[in-house]
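Two complexes, one shared chain (subunit A), two partners (subunit B, subunit C).
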Partner chain A sequence: MIDIYTMGIDVGSTTSKCLILKNGKEITGKSLVGVGAGTSGPERAIQSVLSSSKLELEDLDYIMSTGYGRHTIEIADSEMSELSCHARGAYFQFPNVRTIIDIGGQDAKVLHVGDDGMLVNFAMNDKCSAGTGRFLEVMARALEVNVEELASMSQLSKNNITISSTCTVFAESEVISQLAKNTDRCDIIKGIHRSIASRVGALARRNGVIDDVVMTGGVAKNRGVLHALEEELGHKIYTSELAQYNGALGAALFAYQKLSR
Partner chain B sequence: MNDVKKDLKKPAKIMLREIVDKVYAEAWEAKKRGEPVGWSSSKFPAEIAETLGLKVCYPENQAAAIAAKHGGKRMCEYAESLGYDNDICGYARISLAFAAGAECEEKPMPQPDFLLCCNNICNCMTKWYENIARMHNIPLIMIDIPYNNTPEVNDENITYIRAQFENAIKQLEKISGKKFNTEKFKRVCENANRTAKAWLKACSFCQYKPSPLSGFDLFNHMAVVVTARCRKESAEAFEALAAEYEESVNNGTSTWHYDENYRIMFEGIPCWPELQNLFRPLKEKGINTTAIVYAPAFGFVYNNMDEMIRAYCKAPNSVCLETGVDWREGICRENKVDGILVHYNRSCKPWSGYMPEMERRFRKDLGVAVVGFDGDQADPRNFANAQYITRVEGLYEIMESKKNGGL
Partner chain C sequence: MTDIEILLAQFEEIANNPKKQLEQYISEGKKVIGCYPYYVPEELIYAAGMIPMGLWGKRGNPNKAKEYFAPFYCSLVQMNLEMALNGDLQKLSGVVHTTLCDTLRPSSQNFRVAMDKIPMIFLAHPQNRKPEFGVEYTMAIYSKMLNQLEEIVGRKVSAGDIKEAIKVYNENRQAKREFVKNAGMHPELISAVQRSAVLKSSYFMEKHLHTTMLNELNKMLQASPIEEWHGTRVVTSGIICDNPSFLKILDDNRIAIAADDVAHESRSFRKDAPYNEDPIRSLAVQFADQDQDTILYDPSLNSRPSHIIDLVKNSNAQGVIVLMMTFCDPEEMEYPSLYNALKEAKIPCLKIGYNHQITDFGQARTSLQAFAEVLSMKN
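Right, the complex of A and B next:
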């Protein structure tokens, strides 16, 4: 039997992700470059995943692009919105999923999927970066810590601090004023996580939260945000090591499906 | 009906455009003659001013035209420089800027000598008109329509509104220097009813599959039902439009020149500065808008004064959730839609505010795909095209999935 290779490319606003699937099941490689649409990120991510999979572009049977920059990928055979791709990727990993919370670089979305894993409806953030990955980056910079350190530092928090969820700029000012008052950074970070959870929780409640709930996107790597969301919504939230690649995974799955039909 | 079209020998859309031009030309001429010219909210009882022969312009129509011609940002910023917050309705900001003297080549109109304000459209209207009244030191004739918490309009409200109608007539008699002629009022009302019936008939052709028109056409044509519904020529033009649609149904033609893979309802006021951007992804996916709430909202028929008052009580922002849901679901069923695209309009918070609950009701009652996007009716700074495209693609993919049992 000839193996079928499909690639999903998720070109986000701040990162480019690629994932290659063998026969619609086995992940042969994945890549992530920390710049997104309109940069060299997509090309670099493609080269990287081909290299790690020991494949050439010609070996790929179908390429599907998704994400904010999906329209810019010339080698893609077709494209699909990140909404359907996230639904498909999460369903592949968690067959009981009904609600997906995806927090990426510049947007937050809550998706509902049906019993068959198909997208049923969704809600997305408006023109505001509060409650997104960019929000966390801005706060980390104000606190002079790496984004990767936020989760572990928030676990050391002893006091509840409230940070505004209305606006990234206002929230940054609040963080700075808390620092000026010598408030413990760990408490501030936990407040930031709760701020995101409050914002995204409101978005989730718009269409209702149905178990199982799965979190995807780069922010899912921050267990502090995930736990704050669990507290906010009162639901257990699942995630996986592939959270940030979920859109690319969904695209690769749809690509395989295109060939199967 | 075919005779009407043959006699008039002009495409209906030309007739309609000429009527709106005439409304504004007549206002300019009246101003030159030294007659008082009014500014009116879109759902003020136009029958009163028309009966008294007063020339009236429509700031909402003007603001939409300015926004569509890409003057919205400049005018909104002018208003903001005067101290008006950017959270205020974009129409209001454009109108306040114009009233304050901002240059505006896109759609100039005479400055007002009196104001006709009816808050059935929204409550922002009241403060907007109060500001202009103070700016120009001119009379403001106000008709207050209480929000309808129940589907039926109660008799106390009818009495309250009737008294205001009578007071408005007295005030306008003084401004016009003319006596209100009840016989002429009857004729004006007959014209308004005939216009409304013809407009609603034209809108009803969206129910055909495929539709002989794109719902977006109605956004263009509705200017006449807002600015000139009491005129005989408006009725004639809409009758001609309906006749054209009827002919299209018979011939199998349409103003929608693309596939009609799916039919949707567009909820809310369109983003006038972004009409092309709104339209493009829909046409690319073969999604025709066959139901809209905004345009037919201006078509209402009545047989007597009480019914007229009740008709003026029904506007998108003046009815309760139950009425609003029934209204829209009726439109969706009649026009056989597969999905609904909801405009969360920064300019219109009352309208947008109850949409999340309506979305839930639409999904439950109609079982169709419902998707929202953020935008603005007049301020282009509140619209992001990439966000809009993603949401339309999401809507398309849900409709595809529902139709085909998967993507």
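Right, the complex of A and C next:
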């Protein structure tokens, strides 16, 4: 039997992710480059995943692009919205998933998935970076810490403080005010996480939250945000090591489905 | 190019160049009156021998108008004043300023202060439009508007002139309703961009000429065989949806507009003026008969959602796209009841923020593509 290789490319606003699937089941390689649409990121991600999978472009049977920069990938056979791809990727990893919270670099989405894993409806944030990965980056910069440190530092928090959930610019100003008052950074970080949870929680409640809830996207790596969201929504939230690759995974699955048809 | 494409190109040329139309009218010695949204009885302007032109803002960012408005103000209204302050409206002989919402009402006073050289006709429609006292009030304000128009044009307007104008406008409304149906049945021939241009051009044309062109287009569309549509069909709802960049996303994703509940489009030509010996009463009754609009008082609260559900069913659409005008209180306040009604009727709904200032519809593109994918998967 000839193996079928499909590639999913998720070109986000701040990162480029690539994933190759063998026969629609086995992940043979994945790559992530920390720049997204309009940069060399997609090309580098493609080369990287081909190299780690020991494959050539010609070995791929179908390439599906997704994400904000999905239209820019010339080698793609077709493209799909990242919403449909995240639904498919999450269903592949968690067959009982019904609600997906995807927080990416510049947007946040809440998706509902049907019994068959297909996207049923969704809600997206408006043109505002509050409650997104960019929000975390801006806050980390103001606090002079790395984004990766935010989760562990928030666990050391002892006091609840409130940070605005309405606007990144206002929130940054509040963070600076708190720093000027010598508020513990760990408390500020937990406040930032709760701020994101409040914003995304409101988005999730628009269409309702149905178990199982899965979190995808780069922000899912921050367990502080995940736990704040669990508290906000009152639901257990699952995630996986593939959270950031979930869109690319969904694209690769759709690519396989195209071939199967 | 086919005959249909030639006609569509003519409509697009007019819709995209209102300034050229205005210059042409002025060079022909005609007087032009600008009309704010909406329910202006344009028939009175037409009867006075002048040209009514719609003022629905334009794409771009307000600069000078910022002096008069808070940032959280409807972009349509801001851009109307911006056009006036930039001199784009200086050749108008007057402007009819409506006051049907809490944004238009203060804007009318700002316009009066900012543009004292352009005569402004203040048109305060009643919310209680249906009882006899409401109809009489509407007749009174329409009569006052007529007097002001007569002053501008320098002659009296007869009842016969108004009756003739009503006939012309009723014919135009009929042609537009017919076109909306035809466009919904022939999405392969009429793109969302073209559909918008055909309807928008009406705001800048003499109505009898628009009707003549539109009847010709309707005839050609009716003679065209109905082809299977390999895409999805939606009903659009909102104040305005005329940005070609946005509409092209619908076309790119094969989302056809099967029908609409858009103020700039179908809401403005749903009702004809019924015959009455007194033509001013005809126009007042026409306004009294208007319904299912966020800016009109609706004691039942539910007629608009039911109307939109009927539109979806009757036009064989699969979902609704709500173009939510930024900072539009009436539309925002009615959205929850519309959302709940659509949810109950199991009709998928997508809400997208819309205003004249948006230049990048990247996020809307993702939402629309995903919505099309959801609708396709439901089939």
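Going forward, the second predicted complex is superposed on the first by the 261 of 261 C-alpha atoms of A that agree within 3 Å, B and C clash if a C-alpha of one lies under 4 Å from a C-alpha of the other, contacts with A are read in each partner's own complex, and residues count from 1 in each chain.
We take it that a residue touches a chain if its C-beta (ideal position, glycine included) is under 8 Å from a C-beta of that chain, and two chains touch if they have at least 3 such contacts.
This is a predicted model, so every value here is computed, not measured.
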Clash-or-fit label for the pair subunit B, subunit C on subunit A: clash
Which superposed partner A:35 touches (first subunit B, second subunit C, both, neither): neither
Which superposed partner A:83 touches (first subunit B, second subunit C, both, neither): both
Touching partner for A:145 - first (subunit B), second (subunit C), both, neither: neither
Contacts of A:27 with subunit B and subunit C, given as first, second, both or neither: neither
Of subunit B and subunit C, the chain that contacts the larger number of subunit A residues: B
Touching partner for A:55 - first (subunit B), second (subunit C), both, neither: neither
First (subunit B), second (subunit C), both or neither touched by A:4: neither
Doubly contacted residues of subunit A, that is, touched by subunit B and again by subunit C: 68, 80-84, 107, 118-122, 124, 126-127
For the subunit C and subunit A complex, residues of the former touching the latter: 348, 353, 362-363, 366-367, 369-370, 373-374, 377
In the complex, subunit A residues that touch subunit C: 68, 80-84, 107, 118-122, 124, 126-127
In the complex, subunit A residues that touch subunit B: 68, 80-84, 107, 116, 118-124, 126-127, 206-207, 254, 257
Subunit A partner contacts - residues on subunit B that touch it in the complex: 344, 356, 359-360, 363, 369-372, 374, 382, 384, 386-387, 390-391, 393-394, 397-398, 401, 405-407
